[in-house]
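Note that subunit A is present in both complexes that follow, paired respectively with subunit B and with subunit C.
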Partner chain A sequence: MSDTVAQPPVQAPTEGPAHGATGPPATWRPSPTGMIARALVLAGLLAIVLAAPPMMPGVTTNILSRVAVFVIVALSLNILIGYTGQISLGHGAFLGAGGFAAGIAITNLGLPWAFAQVVAVLVGGAFALLLGLVALRVKGLYLALVTLAYGLFAQEVLFGLGWVSRGGAGMPADRPEWAMGDVAYAYVCIAAVALIWALDWRLTSSRAGRAIQALRDSEKVAASWGINVTSHKLLAFVLSGMVAGLAGGLFASVEQLVSTQTFTLELSLTFLFMAVLGGAGSRPGVVLAAVLLGFLEFFLDQLAAAFDLAVDGSAAPLFSALLVLLVLLFVPGGLAQLLRGVFRWLSFQPFRDPRGDDDSQPAMGGGDGGRP
Partner chain B sequence: MVAQETKEPTQEESEAERAHPRGLAGLARLGDAARTGTWLAEHRTTVLWVVAGIVGVAVLASLPINLGRAAIGGVSQGAVYALVALGLALVYTSTRVLNFAQGEFGSMGAYAASALVVGVGFERGDVGLVSLFVAAFVAVGVGALIAVLTNLLVIRRLGSAFTALVATAALFMLMQTAQFLAFGLQRPFPRIREGTAFAAFGTNVLWQEVVIVVVLAAVAALLAMLFRTPLGVALLASAQEPYAASLYGVSPKTMSSLAWGTAGALAGLGGLLAGGVFRNIEPGFMTTDYLVPAFTGALLGGITSMSGAVVGALLLGLVTTIAQQLVTSYQLDSAIPNAPVASSFVVLLIVLAVRPTGLFGKKG
Partner chain C sequence: MAVLSARDVSISFGGLKALTDVDVEVNENEIVGLIGPNGAGKTTFFNCMTGFYTPTSGDVFINGERVSELRPDQRTVRGVGRTFQHVGLVRSFTVLENVMVAQHRKVGYGLLSGLTGMPWALEEDKVLRARAYEVLDYLGLAHLADERLGGLSYGMLKQVEVAAVLGTDPDVLMLDEPLAGLGPEESDEFGERLLRMRRDLSLTIVVIEHHVPFMLRVCDYIYVLNFGRLLAEGKPEAIRQNRDVAEAYLGEGAATLA
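Moving on, here comes the complex of A and B:
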């Protein structure tokens, strides 16, 4: 990288005939070579993901499962931050609620694993509904404060209850018989990521999804277009909570034990950092950021072991916080802004935006200008 | 005709507003009652408060708790909340940022004091006057320095209140991990003076509690004086109306740095006092133990009001202490695992549902 002026993104060589300044027509399609190149890259990415579980050394396969769970939580937080512009500092509470619900369903009630996942989804949604009802009354920064207190309340009070945490020992949660092994369970988690990605994609292109996104830009304008602000805000909260609940259900069976100490403020903030680092509102950006931050600790541990460094995985929060600060200061759109052309190219679009709005940044926050 | 009908109430309203500057319709109606004459109507709010106070004290007295212990423990606990809450309110009024890193300014101050003032008796728990002053100077200075740097290097460069919130959250994480990497999981921290000061109200009052309350009183008095000096007035004016203040020659940038610096200094002082409560400090202890109650206290009193933040934090200290005593005496520990957190969450919900501007806060 030269330290001169930033270069505009270079047109990909596989792009097909170059288009003029007016931009391509609305029904732009890549050239046959462009199609093949994109398909190859996507297939390569898919192959890497699918090949990863058996390739991870020994017990570290579970790290992969955990990262997959974190990706799901980041996507669920993205529904709130990216689509509605509401912030949540207590998303660990939904993860924990789903996790303990699944653990109780499996261990105490003896329900089958798949049914326990449904319970986790419902409990996560119910938790979010309660928070959403409060969120309807308060706005902006006050909501951030409520979610913060909610997360702390869940961690210290709800998950500390004797019958929930089994007196502090933790709630066991067995895996299903058909996915007892670490590798098999990692595939289950990855499949869940794919499912949530598809659902999220459908959400953003549905009527309700568009209504939710309209709330982010301006509640008043959205209301004047006939969007029911109250119900759509609640819907966003409940959807986010349900997805996070599913993540919790999956998370419970990764270590096969849900313990209270997991769902800390730091974990909730990590999810927030994933959404911000990826670029709130961008699905591929958020997923990429979640993968990066999720593997950071493992990566640092491996580095420290290989090169005998003093800094190991325990420094991971330091690096992720630094990354987030740098992103906020210099690239407010996060990875989605940095890799905009790449993401567009991979989704069978031209590398450059045909409409030329490359300077637009994904909305972050919003709603009512951030003042309570 | 229709136009007249809609116009009349507005005229009445504005008249009422002139008579009653706060302009609330309910208060105006109260005022009307007062004009018609009875003493009760005129002093209705005062009477209500007095009645509520009497009922409250009666209820408290009937509870199975040690009232003296609750009062002293609650006030000393609330005083540390108040030091953090004061900083939150200062920063919020001057820059409209909910500062998530406020607690960590205090932790950093406490760690700096504990690291730098080793060897003069500070780590052993028999703090001499000299080392106490050095430690206080270090804690306050480090807290203020980090806060000012945060404002200059980060907050000022960010656009919205949301990005500022995320940035302060990232700073919290940064500082907490730095503390962990540098000092490990736990580090002993001395009390300023060990032992019991005196016995009163059916309980032993610890020196630590006396010191905390005296420090808060001194800080409150100092701040009250500060806000009457030209500098303090400029600070408040700049917080209220930055543009108008700048027309009077007050630099909003200087004033925001002053507010952040003061907030950091207060947090440093809080860290120094809170560190001694459990006699050891952990990475991020000011955030995990004090930030959320301080936020709640500030909100309870009204985050736009300094005195409100102090009163709210003290009240919250009382509430959490009483809740803990109640849970202990009714043996509800397994039903309510962390009574202070639970009660402060309930208080937060009630405040937001009933009066989001807090007891003394203004709209805005």
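Moving on, here comes the complex of A and C:
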């Protein structure tokens, strides 16, 4: 270290990018074979996803749409739990808010489907903003309780209002005329997943997302670097709510009816399970977990029908709870930890991290690395 | 003109008066030291200057502007950068990423350009990365750029922290015990680097450190805190020979500090 220091410094670091012998180290690239292998596997995965909608048996195509919606909710929750270190036990409320908003926009206001989605996004964002304002004052366990109460309030009171749920009958939400069929609509939902995935990726690799992740680890350090902690925390809540709102808008038109009974605490917990099982903060992990848990009921049903078992899809919550318990016990980092080599490989990086594995999980609720 | 000044700053927590009428002036391009026994209020003073605490009475000025009520991030924008007594870095980021995030306020693109990946946003991020690398290179830490924090020693982390704070482009650099975790040789090296940083970056530096010989060598002016009050201030030589300071540090009967 000493001889590097002894050299006369070139220029103040406030100037433009460095041009000289030293520069940022070259990024690692896979070999041509490695490139092709990765591309083939990725193409195969994409092909499976794209081929799935018409292949699903009979009326079960809608399950695919629902799983796609769950994936979006899981990504939304990941913004809070994974990136911001804030917990939400009431994510069902954002989904419901988006769903009813879209339903009202389509049925009562007669807006086109696409506009209704925009309304759902805005309403979801507004709901989350309210929760975010609370989160500025309450932390950890207390915030968890507040979000729980928020979810229950939405479910029991708000979604039970006569003009929202049409006296309990549910709010109809027709599909757009260009995607009336189940298969077509499933493709719409899958496209939305791709869009949110891309936005989420951009979020984590741009200024706002980096700032949000910094304040997860330490609000004090983030503030000392000039990051406005308040506005970025609120931003995280609003973005998460907007994404969940979109999920709700899409969800409304899956069954083409939004009913109050859907947005239960159990549903919110399922979303939390997805984040935990996938490994909070890991995009592919969370998505994979959402797919697994989303299909669990369907899978158990198929299994029960095929082998004439007593245990069918209604046992799905039990199985997912067991799964989460096992994960917490044996691989606290979730699927992201279990499959980290695979995920790294698929994102065009070496299977093994040359620096060794990093098992330090970011603490939920934010650590305090920079206690002054 | 004073780059940083505290006028009659007092702060109490409940019944405890942590600081009483502290007056500090830091002039441009000076290296100012802050010493005092444990619990004297040195870090509390830093927190008052950087906005983590709001003084109960008294005022704080940055470049002549009164900032007593501003938030920490607003003071950072006005040119005050600080390190923390316990390492102030983001654990889940690599070394380079830490220095990148620290440059938060130097990024011009908005949220939407970032989310949609507009070409200018991507270009700016590239410049940001290069600049972060440059800061690391300047401090001789370039070889650590892609390391995770978990694998680094405490002394290294303190150095990376300095790099991150330099990323915020401060006029005044406030260092809270920068020598923690460094050996004697590395401490000397750090002293040299501090002097060079002041010259190259026309920085003003405020340091808290217990290592008295280091402080006497590096600082232009030293303030001594004891029980939340200024016990003495002056040039290093005067502080060295000050009987009160020696007694506060070493106990009754001690004549000089070092």
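Of note:
Simple rule for what comes next: the second predicted complex is superposed on the first by the 331 of 372 C-alpha atoms of A that agree within 3 Å, B and C clash if a C-alpha of one lies under 4 Å from a C-alpha of the other, contacts with A are read in each partner's own complex, and residues count from 1 in each chain.
The definition used in the following text is that a residue touches a chain if its C-beta (ideal position, glycine included) is under 8 Å from a C-beta of that chain, and two chains touch if they have at least 3 such contacts.
Here the structure is a predicted model, which means the values were calculated and not measured.
When the two complexes are overlaid on their common chain A, residue A:Gly241 makes contact with neither subunit B nor subunit C.
Contacts of A:Pro284 after superposition: neither subunit B nor subunit C is touched.
Once chain A of one complex is fitted onto chain A of the other, the partner contacts of A:Gly132 are absent, as it touches neither subunit B nor subunit C. In the superposition on chain A, A:Tyr150 contacts subunit B only, with no contact to subunit C. In the superposition on chain A, A:Gly82 makes contact with neither subunit B nor subunit C.
Across the two superposed structures, the residue set of subunit A contacted by subunit B and also by subunit C is 369-372. Partner subunit A is touched in their complex by these residues of subunit B: 96, 98, 154, 157-163, 165-167, 169-174, 176-178, 180-181, 287-288, 292, 295-296, 299, 334-338, 341-342, 344-345, 348-349, 352-353, 356, 364. Against subunit A, in their complex, subunit C makes its touches with residues 43, 46-47, 50-52, 71-73, 76-77, 81-82, 84-93, 96-97, 100-102, 104-105, 107, 109, 111, 114-117, 121, 125-127, 129-131, 133-135, 137-143, 145-148, 150-151, 164-169, 176, 189, 192-193, 196, 200-201.
Against subunit B, the residues of subunit A that register as touching in their complex are 87, 89, 134, 137-138, 140-142, 144-146, 148-150, 152-153, 156-157, 160-162, 265-266, 269, 272-273, 276, 311, 314-315, 317-318, 320-322, 324-325, 328-329, 332, 364-366, 369-372.
Of all residues in subunit A, only 1-2, 4-5, 9-18, 22-25, 199, 202-203, 205-211, 213-214, 216-218, 220-229, 235, 281, 355-356, 358, 360, 362, 367, 369-372 touch subunit C in the complex they form.
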